[in-house]
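Per-chain residue numbering starts at 1, and chain names A, B, C, D and E are given in the order in which the chains are listed.
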Amino acid sequence: MVDPGWYMGLAAALFLIGAFGLLLRRNALIMFMCIELMLNAVNLTLISAGRALNDINGQVAVFFILVVAAAEVVVGLAIIVSIFRTRSTASVDDLSEMRG
Amino acid sequence: MMIDFLWVVIALPLAGALFLHLFGRFVGEPRAGWLASAAVGGSFAVAVVAALPFLAGSSHGETVVLWEWMPAIGANMEILWDPLSALMTLVVTGVGTLIHVFAIGYMHGDERFHRFFTYLNLFAASMLTLVLAGNYAMLFLGWELVGLCSYLLVGFWFTKAAPPPAAKKAFVVNRVGDFGFMVGLMIVFTTFGTLSYSGIFERAPQELTGGLATAIGLLFLVGAAGKSAQIPLYVWLPDAMEGPTPVSALIHAATMVTAGVYLISRSAAIFELSTAAQVTVATVGAATALWAATIALAQRDIKKVLAYSTISQLGYMFLAVGTTAYVAGIFHLMTHAFFKALLFLGAGSVIHAMSDTQDMHKMGGLLKRMPVTAWTMAIATLAISGIPPLAGFWSKDEILASAFARGGWFSALWVVGLVTALITAFYMTRQWVMVFLGEPRWDDDTEPHESPRVMTLPLAALAGLTVVGGLVNTPLRTTLEHFLEPAFEGVRLAHPPEGLAMFVLLAGLSVLAGLAGAGVAFLTYRQPREGWAGFERGFQPLWGTWEEAYRVDDIYGRLVVAPGRLMADIAALADSKVIDGAVNGVARAVRRLGDLARPVQSGFVRNYGALLLGGAVAVVIWMVSGS
Amino acid sequence: MLTWLILLPVVGACVVGLLPRQRRELQLPLGIALSVLPLALAGYVFFVFEPVPGYQFTEHHVWYEPWGIAWSLGVDGISMPMVALTTVLVPIALAASTAITDRTKEFVVNTLLLEAGMIGVFLSLDLFLFFVFFEAILIPMYFIIGIWGSERRVYAALKFFIYTAFGSALMLAGIIALAVTHGEQTGAVSFAISDLMTLELGQSAERWLFAAFALAFAIKVPLFPVHTWLPDAHTEAPTAGSVLLAGVLLKLGTYGLLRFNLSLFPEASVDAVWIMAILAVIGIVYGAAVAIVQRDLKRLVAYSSVSHLGFIVLGTFALTSGSLQGAVIQNVNHGLTTGGLFLIVGMIYERRHTKLIAELGGLQKSMPMLAGFFLFMTFASIGLPGLNGFVGEFLVLIGSFTTLPVPTIVAASGVILAAIYLLWAYERVFTGLPETEENRLLPDLSAREVSLLAPLAALVLVLGLYPNVLLDKIAPSTEALLDHVVASTDYQVPVPGRLGDVFVAGGDEG
Amino acid sequence: MSLPEISWIAIVPEIVLSVGAAAVLLVEVQWKPAPRVLGAIAAGSVVAAIASSVIQWLLAGDAREFERLGELIKFSGLIVMDGLAVFGRIALLAVTGFGLLAGWRYIEGLGRRAAEATALILVATAGFSIMVAANNLVMTFLGLEVGSISLYVLAGMSRERARSDEAAIKYFLLGSFASAIFIYGVALIYAGTGEFEVIAIQSYLDGFVLFSPGVILIGLGLVIVGLGFKVSAAPFHSWAPDVYQGAPAGVVGYMAAVAKVAGFVAIVRILLTGAGALEADWTPIVAAIAALSMLLGSVLALVQSDVRRMLAYSGVAHAGFIMTGVVGASTESVLFYLAIYSLQLLGAFAVVAAVSGADNAESDLDAYRGLARRSPLLAGSFAVLLLGMAGLPVTSGFVAKFGVFSDAWSGGHEWLVIVAVVASVIAFAFYLRIIVVMYMQESDATTVVVPGTIRWVLAAAVVTTIIWGVLPGSLLDLAADALPL
Amino acid sequence: MIEALLFVAMGLVALAGAVTVVAARNPIYSAMGLLATLFSVAVIYVTQLAHLVAAVQVIVYAGAVLTLFLFVIMLIGVDKEERREESLPHQRLIVGVVAGAIVLLAAGLTLFGDFDWVPAAAPATLPDVTNGTIEAVAVPLFTDWVLAFEATALLLTVAAAGAIALAHYRRRES
């Protein structure tokens, strides 16, 4: 079998790609997707760890994270849509009125 | 017995001052003055009664504590009643009373008449505190209070331009002296653990080392030089003539300025232990005597002449106490009080008559207009010139003789004293002649007139004292010395040389000097103006230097005042720019820090994200690097 | 009893605070009347106070047991004069505030709260409680300066607050450290001064703690070079603010040095004697020098405080019975005289609306009585014997010379400078003929104003001539303090008559 | 197959809140009543939740007294009902109650959306309430998300303000990011220990000797970051100023306070209980975060000209102060600080809400000019709260600061205390600046209308600030009893 | 062996998909990249014996969530291609530094760190319990985790109420 470390390494890579994507893209939608990527990486970590530890709880936890991800998407998209309606932009760089 | 009520001596004028301060306005013009005079006169009466035991020789002095003041440093309100303080008290109250009375006439019409007498009474009380004090702290109390009164009285005419600065100058210069005095007191306290006379003088011979005695003596000299206007602190006294003339007579001639002499006499037990201190005192005295006399030579202002003359005479007294001829010093103090008060009052009378002119060039020929003043002043002039048998002769001669007898360096001082005597006679005669003889030079609108009786009577009284005052201590009858001896127990007093021959010789010399000075002056200034003006020109540029008092004020201004002012300016600038600047700088720096940190909060969510991730990575790195 | 001393002003503040806004005319008189109550109580305490060492009228109520904090009050010879001074000055300051017509109620409330805080500081026997009061008084004072001050009031108020708060913040750390150390050494955290005095601190810890406390108090005093908040605060504060600031608030610093630095850190205090003495002396001379050239009368008086407070610090660290007594009584004296001077400057300001010396002149002509009081206070401040300033100054100087000869001599020169700046100011402000119409027509003191100044003047005189009313009660406590220092260090109070030793020792130290 | 372990008493408050939220939504759909009715329902549920929480408190106290601590572990270890949880819950509920009052004018102004806002507030509280009680880190995450997502929506709900959008999207993006980091940390801790439950992690860490804790440390670090974000500790604070400024004035106080309370309770539970064995590892980090927060927050607050931003940065500084207590390893001082600070924060934002007015105007410092003259009571209350936040004596803020400082000092973190006192002095400057503007400057603007609901909040905040400043014992005793398992 | 092959293959696809999400100019491509990642991760779940999770991943994520994403992408315009140059000051620099730090960290951990992903004590053989069947997952879900399950109800309520609240207002406005 493959060492769980590899799976987790892959997860870490995905997490970081997601994180950097969040920092590099200004389209709010794509930033969301990056967050989804990160959550997926978490799920992968949990599954791999659960398997390595011989523990089912890792898989159970994944369910909850999935639900959270879904809820976040709903609210997040609602926010994006409402902003888009007023400003016709999905670029978060345009939303930088408050600073300092 | 009597001593238990001695506080009355101080309390009477103090009560007078208090009463006049509160109700003087309602008392009205002449009455306020009489009240004040009565208060001082009352003190005089009490003092006379209280001094009787000393005459009888039945008492050597005692101390009474009134109340505790600063027990931690052994300073209480305590009265020491011994022959020395008794004599001083009598002089202060006696002459004081006369001057009070004189002032009633002199201050006539002044809108702050009652206030003037308030201050005078306060001064009397302060001066009495000074001389009656039983310890140095209380002496210092009086010492400073007379300074305060001097300040108040010199600056009495506060709306004029000159008096207020003069008053301030007097106080500040005195403070310089006080500084020395205080340091001296610190050493005294540190050495003895108390400031009480009794404790100090008894233990001084055993516990005081010569070095410390010198230190204390010199520091006391600084204080005394301030109060008694000796080199180098005499500069305030001429300016103090801005005060009303009775003030000059009372404070700046008869009483306050002699406090320094009193201080040194009182501290005889300490000076006893340091020849160096004695020599310094005597030298300062002699130098001041000569120095001031030369200045007095060339003055035009009638009061300035007297002021420098006072400084000069105080120099004699310092010479005396420095020679340890304390009795002679005190004796001269007393006689000087008589004739100098008389001179000042006479000058006041003249000024009064001349409608406040003080320039002697504008006087002349007043003898006929104001005979009482003229003749009484003549007596005083002769007295100060050392013409026997007037009071000044006896006392001055005793000083000079004592200095001569002490020998050594003091002989040199004796020569100085002798020269000074000559000069003194010259300038005093010059003054009298310029004022009273010769052609009238006064302005047309002035109508000189003799002063009212309230002024002339004190003149007469003082003249009487001037005539007979010297007889209390002649080589033939040393009454005063016997009287004072208990106060100088354990102190080796310097005496004139023994024997009548020496006395005649020395006295002859000084009389000769006096006569010479007086004669030359008389002859010179009897001439019309051109004559003596030419004489004065003959001494140029020396005469000019004297007239400008050696420009000492100027020099002090450049050497002390200006640099001090500069330092203060620099300090103030440093305070606002450097020290406060640093404080505000820190505040600004913090704000600046905030401004610098603001761009981090750029408003861009992706920047925030980067910060967040960066922080997270930093945390993680730190976490794992620890393990 | 003492609790009531603190609570009475608070209650008074509440009463005034609850007055209806419309009854404007009642606010100030009621405040004055209420501020007399603590005065009466303090008077009672004063007269019942026994001249023995140790705290009297002590009260102890546990505040929060686990933290070891307590509402612990007591009064001894060092704090008692301060309490008396506070209660005397507050009614006078309030009564001098008739010029305050805007938000009078708030003003009275703030002043009364300030009084409570000040009394609290002096009465606290628990460091935590002390700090609470010490810091709390910043708030009312901040408002008093900031709301009722003159032009640059906001700057001055902020500076005052932040500067002093900075000092006390480090002291807070020190207090915590002390309590924690006590917890470590005995197992129970305690903030009681008496407990903390017995701590065994290491040398470096003690020095650090000393520094933390000393900084806080030095800023409060204020000691050179951390004094610059004071001229601004004094100058901008309203009259009552200046009076209380100079009269009482500064004394918190000198009081703290006496009460806390000396008794909690005797070793470090003895080690720091020279540093503190030199700073004090610099303050004396420097403050005086700066005062000489001030153009603003209030600022001048403010700098004179810098100078005068230096004497107190010098006396505190000279560690002889005379100097300590002098330091304590000088606290009171300075409060009375400088308070009086500020009152008078305030009265001038009310009439003339300027504090600039150049714009005044010849005021003695128009206001002889005011000039008289000013001169009286001036001489008290200069240290004229017979008035109170002398007693403290002289005791300090004479007492300090034994242990710190050279600094004391330099300090003594301050008496010359004091005469220069104050008399010069008097000369410029009061003498000569009034040149401008405004100066000529100023009304003299009213009966009300005289009744404000007269008690101060009377106290100045009484304390000058018969300081034993206070010294009697002060002496046992300062002696006890000195004994404590001697007992906990190898310091010896010099015996009179051994001046040679002192000079040698002093020379070595310096 | 075992039946699930159900302990109703442990979740009554959450149930009550959820039911309240549902009721609000349903009533609105069905009857479209006046907003007052919705308010009453919400208030009722909050009160009921508080009442049940008090019972929980007593039970928790009993259990501790009779040493039956095991009984407090509920739902197979998902949550606990220990003193810490219940204290935090009561604080949250109090904040909610006052938050609803303070924001009521705003909520009413939302019109038909008032129901959603009210329901979101109730649900958010329920979520955070779960979070403070959670023993299982996934449960913590769920509670956190329930609460946070509600807050994202609340931040964006304003009618008039375009800034509200910006606040919402910023909050949402960064919040989700931080949540992801948090849950990744949880996953790593799980990988390292095989446990989600704090208590289990604790015993695992207490017992292990063999395994290198590297992954656990990384996980713990990420958890700290995630929670640090929620409590707006530097350098994870950057959302706070923008969100506080942009979100509707009425609910900002609530948003800020609940997140801080829940976040810190979770931090205390995870760090002090779960990772207590790793104290030497996390203490320097937390101390650094604390120091940075205090300094950065204070310094940045100094240069703000908007009161909300200022309060936000002051919140950053306060997060640092509370972290100082965490470093001192003391639940008591942290909880005390949290309790009083959240009330003060609510009060302060209630003032902001009052001044901003119904139209939710800007909160520039200029708007506060001369407030003392226009609305003396409002200004006075604000001044007391500001002084309380500044930590001046006679206010609860001083006691709180003193508590965290002395705990940190006795914990041996002297330098942190020094930094803290310096920071608090810097902080004085900006609190005083607001007071300057209110009291020492003049303005001809009109009187501020203060709704009755806000008055109640202010009264409560001011009274508690002073009462607990003078007699802190009552609350300190409670905080001392609120121990984690 | 198969597991290893699948891991390598699916891992590469997942990474490629992730990079696509980040790098694609067109949001549609990003969504497709995300889809690829989700699918490949689901496959990896299967190899890890998490069958149910894998199924849910495909159904919920790929089915529901991505659809939602696509829907919104369409709604706000597909044709909007994003400019790629960085507009923010310092952003790339910061990101670069952070990335560098992470690389260093990873390298340090691998080379010098005493680091492991899971406890070494983990059992080598796998009993059935981790076999991610529906039952294996459901039993703990509805017993030990029941409260968490209930809590998700709140989450959904929030999501629904929040979405309505945000949308509601726009309706009023328009």
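By definition in this document, a contact is a pair of C-beta atoms (placed from the backbone, for glycine too) under 8 Å apart; a residue touches a chain by one contact, two chains touch by 3 or more.
Everything numeric in this text was worked out from a predicted model, so none of it was measured.
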item	value
Selected pair, greater C-beta contact count between A-B and D-E	D-E
Intercentroid distance (Cα basis), chain C paired with chain A, Å	64
Centre distance in Å when chain B and chain E are each reduced to the mean of their C-alpha atoms	101
Between chain A and chain E, centroid-to-centroid distance (C-alpha), Å	5
Computed distance of Cα centres, chain D from chain B, in Å	78
Shared interface positions of chain D, touching two or more other chains	138, 142, 145, 149, 152-153, 156, 169-170, 173, 177, 181, 191, 194, 212, 214, 241-242, 303, 429
Touching two or more other chains - residues of chain C	162
Shared interface positions of chain E, touching two or more other chains	88, 91, 94-95, 102, 109, 113-119, 122, 144-145, 148, 152, 155, 158-159, 162, 166, 169
Contact pairs between chains, per stated definition	A-B, A-D, A-E, B-C, B-D, B-E, C-D, D-E
Of all residues in chain B, those that touch chain C in their complex	67-73, 75, 77, 137, 140-145, 148, 151, 155, 158-161, 163-165, 167-168, 171-172, 175-176, 178-179, 182-183, 185-187, 189-195, 207, 209, 212, 565, 567-569, 571-572, 575, 579-580, 583, 587
Chain E-touching residues of chain D, taken from the complex the two chains share	1-6, 11, 18, 21-22, 25, 74-79, 111-113, 116-117, 119-120, 123-124, 126-127, 130, 136, 138-139, 142-143, 145-146, 149-150, 152-153, 156-157, 159, 191-194, 210-212, 214-215
Chain D - residues contacting chain C, complex	372-373, 387, 392-394, 398, 402-403, 405-406, 409-410, 414, 417-418, 421-422, 424-425, 428-429, 432-433, 435-436, 439-440, 472-473, 476, 480
In the complex, chain C residues that touch chain D	63-67, 103, 128, 131-136, 138-139, 142-143, 146-147, 153-154, 157-158, 161-162, 165-166, 169-170, 172-173, 176-177, 179-180, 183-184
Touch list for chain A against partner chain D, complex	4, 8, 15, 18-19, 22, 28, 31-32, 35, 38-39, 41-42, 45-46, 48-50, 52-53, 55, 57-58, 61, 64-65, 68, 71-72, 75-76, 78-80, 82-83, 86-87, 92, 95-100
